[in-house]
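Here's the structure we're looking at; comments come further down.
Chains: A, B, C, D and E, in written order; residue numbering restarts at 1 for each.
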Amino acid sequence: MSVSVQITQRLGDFALDASFESEGGVTALFGPSGCGKTSIINAIAGLSRPDAGHVRLGDQVLFNSATGVFVPPHKRRIGYVFQEPRLFPHMSVAQNIGYGRPNQLYSTRGDGGLAVLGIEHLLERYPRDLSGGEAQRVAIARALTSQPKVLLMDEPLAALDDARKTEFLPYLQALVAKTSIPVFYVSHAMSEVAQLADHLVVMRDGRVARSGALAQLLSDPAAISDIGVREAGAILNVTVAQADASDGLSVLATSAGRLFLPKVQAEDGTAMRVRIRASDVILSKDKPDGLSALNILPCKVTQIHEGQGPGVAVALRSGEDALMARITRRSARTMGLTAGLSCYAVIKSVSVAPTDMGGRGTESRVAQMP
Amino acid sequence: MLGLGPEEWAAVGLSLRVSIVATLAILPLAIWVAHLLARREFVGKGVLNALVLLPLVLPPVVTGYLLLLTFGTQGAVGGFLSNLGIVFAFRWTGAALAAAIMAFPLMVRAIRLGFEASDPKLEQAATTLGATPWRVFRTITLPAALPSVIAGAVLGFAKAMGEFGATITFVAAIPGQTQTIPSAIYAFLQVPGGESQAGKLVLVSLVIALGAVAVSEWVARKVAGRRA
Amino acid sequence: EDVVIFAASSLKTALDEVTKGLPVRISYGGSGLLARQIMQGAPADIFFSANEVWMDAARDAGAIRPESRLELLSNALVIVGHEAVPFEDMLASDGRVATGLAATVPVGIYAKAYLERAGHWNTIAPRLVETDSARAALALVARGEVPFAVVYASDAAAEPAVHVIHALPELPDLPIRYPVALTASAKPEAEAVMEALQSDTARTIYSAHGFGVP
Amino acid sequence: MLGLGPEEWAAVGLSLRVSIVATLAILPLAIWVAHLLARREFVGKGVLNALVLLPLVLPPVVTGYLLLLTFGTQGAVGGFLSNLGIVFAFRWTGAALAAAIMAFPLMVRAIRLGFEASDPKLEQAATTLGATPWRVFRTITLPAALPSVIAGAVLGFAKAMGEFGATITFVAAIPGQTQTIPSAIYAFLQVPGGESQAGKLVLVSLVIALGAVAVSEWVARKVAGRRA
Amino acid sequence: MSVSVQITQRLGDFALDASFESEGGVTALFGPSGCGKTSIINAIAGLSRPDAGHVRLGDQVLFNSATGVFVPPHKRRIGYVFQEPRLFPHMSVAQNIGYGRPNQLYSTRGDGGLAVLGIEHLLERYPRDLSGGEAQRVAIARALTSQPKVLLMDEPLAALDDARKTEFLPYLQALVAKTSIPVFYVSHAMSEVAQLADHLVVMRDGRVARSGALAQLLSDPAAISDIGVREAGAILNVTVAQADASDGLSVLATSAGRLFLPKVQAEDGTAMRVRIRASDVILSKDKPDGLSALNILPCKVTQIHEGQGPGVAVALRSGEDALMARITRRSARTMGLTAGLSCYAVIKSVSVAPTDMGGRGTESRVAQMP
């Protein structure tokens, strides 16, 4: 479902003037504090009415200043996880979660989401007896349970620990794939964004600095300053060759060779994508030997992108896939790297963390969600 | 008991009935007006605000007199209503009407505070979950304002119990029909040496006030229960 | 300094006219209230009561100068109607009858005694609408809320919207009297005002307002 | 102007003075008691609660009598105070005292709501920043309760303006000295045909109520200003 | 200043029974959502009174159930950054920030913290006109400005973007070094914790699962399951050999050789510490050649720690320093790694991000704080 947002709005001194389109799926809003992310989400929700512009989801126009269309928020069928939990203090957790579907009895066991969120034991509690992270998880459950047609999530995982995130993100991903509702996802954590999003909107000072398909932006050396040094990298399309190889590893086939990764939960033959951070790639002119790193892919330098810092981004082609490596300028010079040069990319298998492997709407992943 | 005669006990019973009915009957209107004043902007809001206060600002006799002019069988509204079989004059219902009108400003003001204090962010959250404005009001706004509603009801009930001037002017004091505790006390005070009888009724009033407070605190605690 | 008169409410119209131009301030109220206030040390110089009971109470409390007491005015009880119907019809009808609280408010006490003596009490008692003052009862009739009322003749005279349909004969053992007296703490200037209250001009005014001037 | 005589204008002036003084004088006590009731647990809280409501539950005349018995020059407290040169009975100060006492329950109840609604989490935050309980109260709790304080003051002022029964009982209605607007209206209503004069004073009351509402809304807006 | 906390407290069903000691400095509380971190902080602040136990900072007893001591919170001189901002809604940002020092006029320009936090332009605003991250920054400024004797920070940076964190953390570090007040710091981000903390308390279900000096825990292979795979690693003590080398790099001297890192803001000769994540280390049996990685340190395997997953943690000694590498079990087997074996650790220079380099209270870093 394609999505088109264009918003002009004054908030005190702050001027929001943002516009982007995406093909749907998960659209991540990324940018420094105060750049206008929440303001955009609020406009999509209908909680604020922009001075001008439009909000279109698929063929449904939620707002259009030109034609005077403004669908009131309660008719938009949104699931909004606010930046703060905003739980109803006079309702129990179960009542909070069930608020969005008043006509159905909320079955506490029926929804795997409660388990993934780890809140099944909290249902009888009242919000004031929850910890910060617990409240946030209840808020997520409440939004998901309302069977929304669009999901707005404003830093939903900020108060959660990594283990919880690692459990929840695949669940969310599968849910989105299953229902194919558009999601707008605000986060400061590029690792979350990189795992989840299809489309990335980078904001700065109320404007859209960059907008595009995630995979493209992550592997665009020119975008590194927006994405952040540690998170930039390429997305490889892979096929599971041997899900259950020895030593707890899986073997994935890429267009240029095999990769060894920590075991993936998928059947052989499944198509997946794997993110390889530029900072996790070491380059070698000769095929290295005796290294602890298992994954060594032959590749060709396609471009060298110099920034202001001591590092350079090296764009590579490995078979049909793009890769990116971030190395020091000094190394690039010592190695004599130039476009067209053949070399080897060394990738530490364990540096590809499980959270970085997203299934692309594959049934196998959806099926095994808790 | 207490050395009070049947007429006095009738007055006690009537006062209770009048006050409870008055409070409950006017409560929805008070909630509505309070919400209007707290959340809407409209022309004439200041005037509505002042009108609401009017029964408080006017001497009760005047209010009673105005009630008589309006709701008496000869009055504009009263005449119309009496055709429908609704009669206030010299009925306990009239006492309840007077009490309700005198209690109204207190209730509105208190309840309005609750609506003003209730968090619009929670209402927004409910809206995003698909709740219609009416459902938001019922399930979020009103529960948030509930302590104020209770306070308003207590104030209103107490005022209704104590209301005298407007009541006696509007419906007089017909024993067993319109003679409330305050009328009875007033009557006792008109005779030299009636103080001790009046004192007993004052005591009864105090006990009722205690009861009202106890009930309201209990309800409030029940309602506030586990909130933040 | 002005002389302060505490006077029964029903005297207001007449007394305002009588004291026009005099250096007085008048606080009107129910006689019982006024008496209690004087007994509690109110700064009144003259007490003008609507009945003798409360004047007696004030006297017993030593709050007035007994020697200055004078039963200045008298009044009569009348039955008034919103319509001018014959007295017999009034008795025969089931229309409500307004008057002061029969047990306590002066006009009510008189009404009960006078009606009992006239043999009408039993017919009227079930139809009573009791108010806190004679004026309130009168207003009910004037508005037509209640068809009849037992009120003072002076009140009836002042209200054009009512018709006197029967005058109750005075009871010699319970005459309706308006005693006036200097309070125990009266200022010297109050004597002159007392004089003025009894002057011939004053008496003319009282009469014009329906009071008896015995 | 308006065809009101000097005595009536004096009543208007007196009513304003009495109401303003009464409201301002009793406000600190009302705030204190409201805070006590909202935040503390103690034995006798229920009784205090009921006592606060008492002036509302009792017919005003009774309150007036009790005041007269207590604060009259012959009364226990009044006698003592009059030795100190403080006299309430039959003075405008007494009217203010009566008005204050009648206004008290309304003010306490409204203000208490504010204290109950104020967020203890913010008070905690202030405490961690080194604020003493008293500073926390002044700078956090009280400002948070300010809309309620304003509402309480408005209710109290309006009640003080309209207070009749207790006032006339306690201080009589001596024109120019203790005759307030309600007493003057009452006096007019005692005269057949006095309605039109009474009506003018009712109008004045209405205007004052409008003014009070306008001032209070203005202050409230000023105070609420930029809050969440 | 040594710190001793022992708390037993019931909260509904939840039983807190935690006890730890530390030598002061920054004590990080780490653990999953709902494990009791905020509850401990509240007890230290005096906002809740534990059923039993004690809280001791240096020689000051704030609470002791045995002796009945309970210092009321307003006398504890704490700066508490709550998990949610808790700004005073009726006060401007400037008034909020100045609340903790009522007797001094709060000088808006005098404190570099405002600049680091990026809130100088917000001083006239009221809290409701702030974004989520802005509010959190104001809350931090408010706590710091009260000149506290102990700082409690409950996920203070959860709503902030990486750039802001990168700016703020060194400032906080310098402030703590300068004033030497104890800090209790709750965070889900081990990268934050690793940079900031001296002492780490890992909590689980209301109990302390692990407590110890940060450097020790981070480089303890047995602690990996608590710390997280991505964040475990060693802390190297280094000296700045050449702060301003060519190509925007600095040269740091370790006991076993030189390291090239992105330029550090310190003078030559300054002692520093540098964190090297185990997952950023590749091992090689022979000295590798022609690699883009600049940093290659000779070392000896001291221990191999196997967990349940496909990875093993290899503890290494490099000169006098400890290092740790996380590699796959398969690699370990292929390479024939055993304790005592000599090998080379390959460290990508750029994988040591600037936030991972903390000055140890060195004057040079304090001096250059903004």
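Please note the rule applied: contacts are C-beta pairs under 8 Å (C-beta built on N, C-alpha and C of every residue); 3 or more make two chains touch, one makes a residue touch a chain.
A quick map from chain label to UniProt name: A, E = Molybdate transport system ATP-binding protein; B, D = Molybdenum transport system permease.
Computed from a predicted model, the values in this text were never measured in an experiment.
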Chain labels contacting chain C and also chain D: B
Any chain that touches chain D and chain A: B, E
Fewest touching-chain hops separating chain B from chain C: 1
Maximum centroid distance from chain A, chain identifier (CA atoms): C
Rounded Å distance between chain A and chain E, as computed from the means of their C-alpha atoms: 26
Chain centre separation (chain B, chain D; CA means) in Å: 19
Distance from the mean Cα position of chain E to that of chain B, given in whole angstrom: 61
Gap in Å, rounded to a whole number, between the CA centres of chain E and chain C: 91
In chain C, residues with contacts to at least two other chains: 139
Residue numbers of chain A (touch at least two other chains): 129
Per-residue overlap in chain B, given as positions that touch at least 2 other chains: 65, 186, 189
All touching chain pairs, where touch follows the definition stated at the start: A-B, A-E, B-C, B-D, C-D, D-E
Footprint of chain B on chain D - complex, ascending: 46-47, 49-50, 53-62, 65, 105-106, 109-110, 112-114, 116-117, 147-148, 151, 154-155, 158-159, 161-162, 164-165, 181-183, 185-186, 189, 198, 202, 205-206, 208-210, 212-214, 217
Touching residues (chain side chain A, partner chain E) in the complex: 11-12, 31-34, 38, 83-84, 118, 125, 129, 131-134, 136-137, 154-155, 158-164, 188, 190, 228-230, 246-249, 260, 262-263, 279-280, 282-286, 288-294, 309-311, 325-333, 335, 346, 348-351, 353
Chain C to chain B touching residues, read off their complex: 30, 32, 35, 53-54, 57, 96, 98, 101, 103-105, 128-132, 136, 139-140, 143-146
Contact set on chain E toward chain D in their complex: 45, 47, 72-80, 82, 86, 88-90, 92, 99-100, 102, 126-129, 142-143, 146, 152
Touch list for chain D against partner chain C, complex: 61, 65, 68-69, 72-75, 89-90, 168-169, 172-179, 187, 189-193
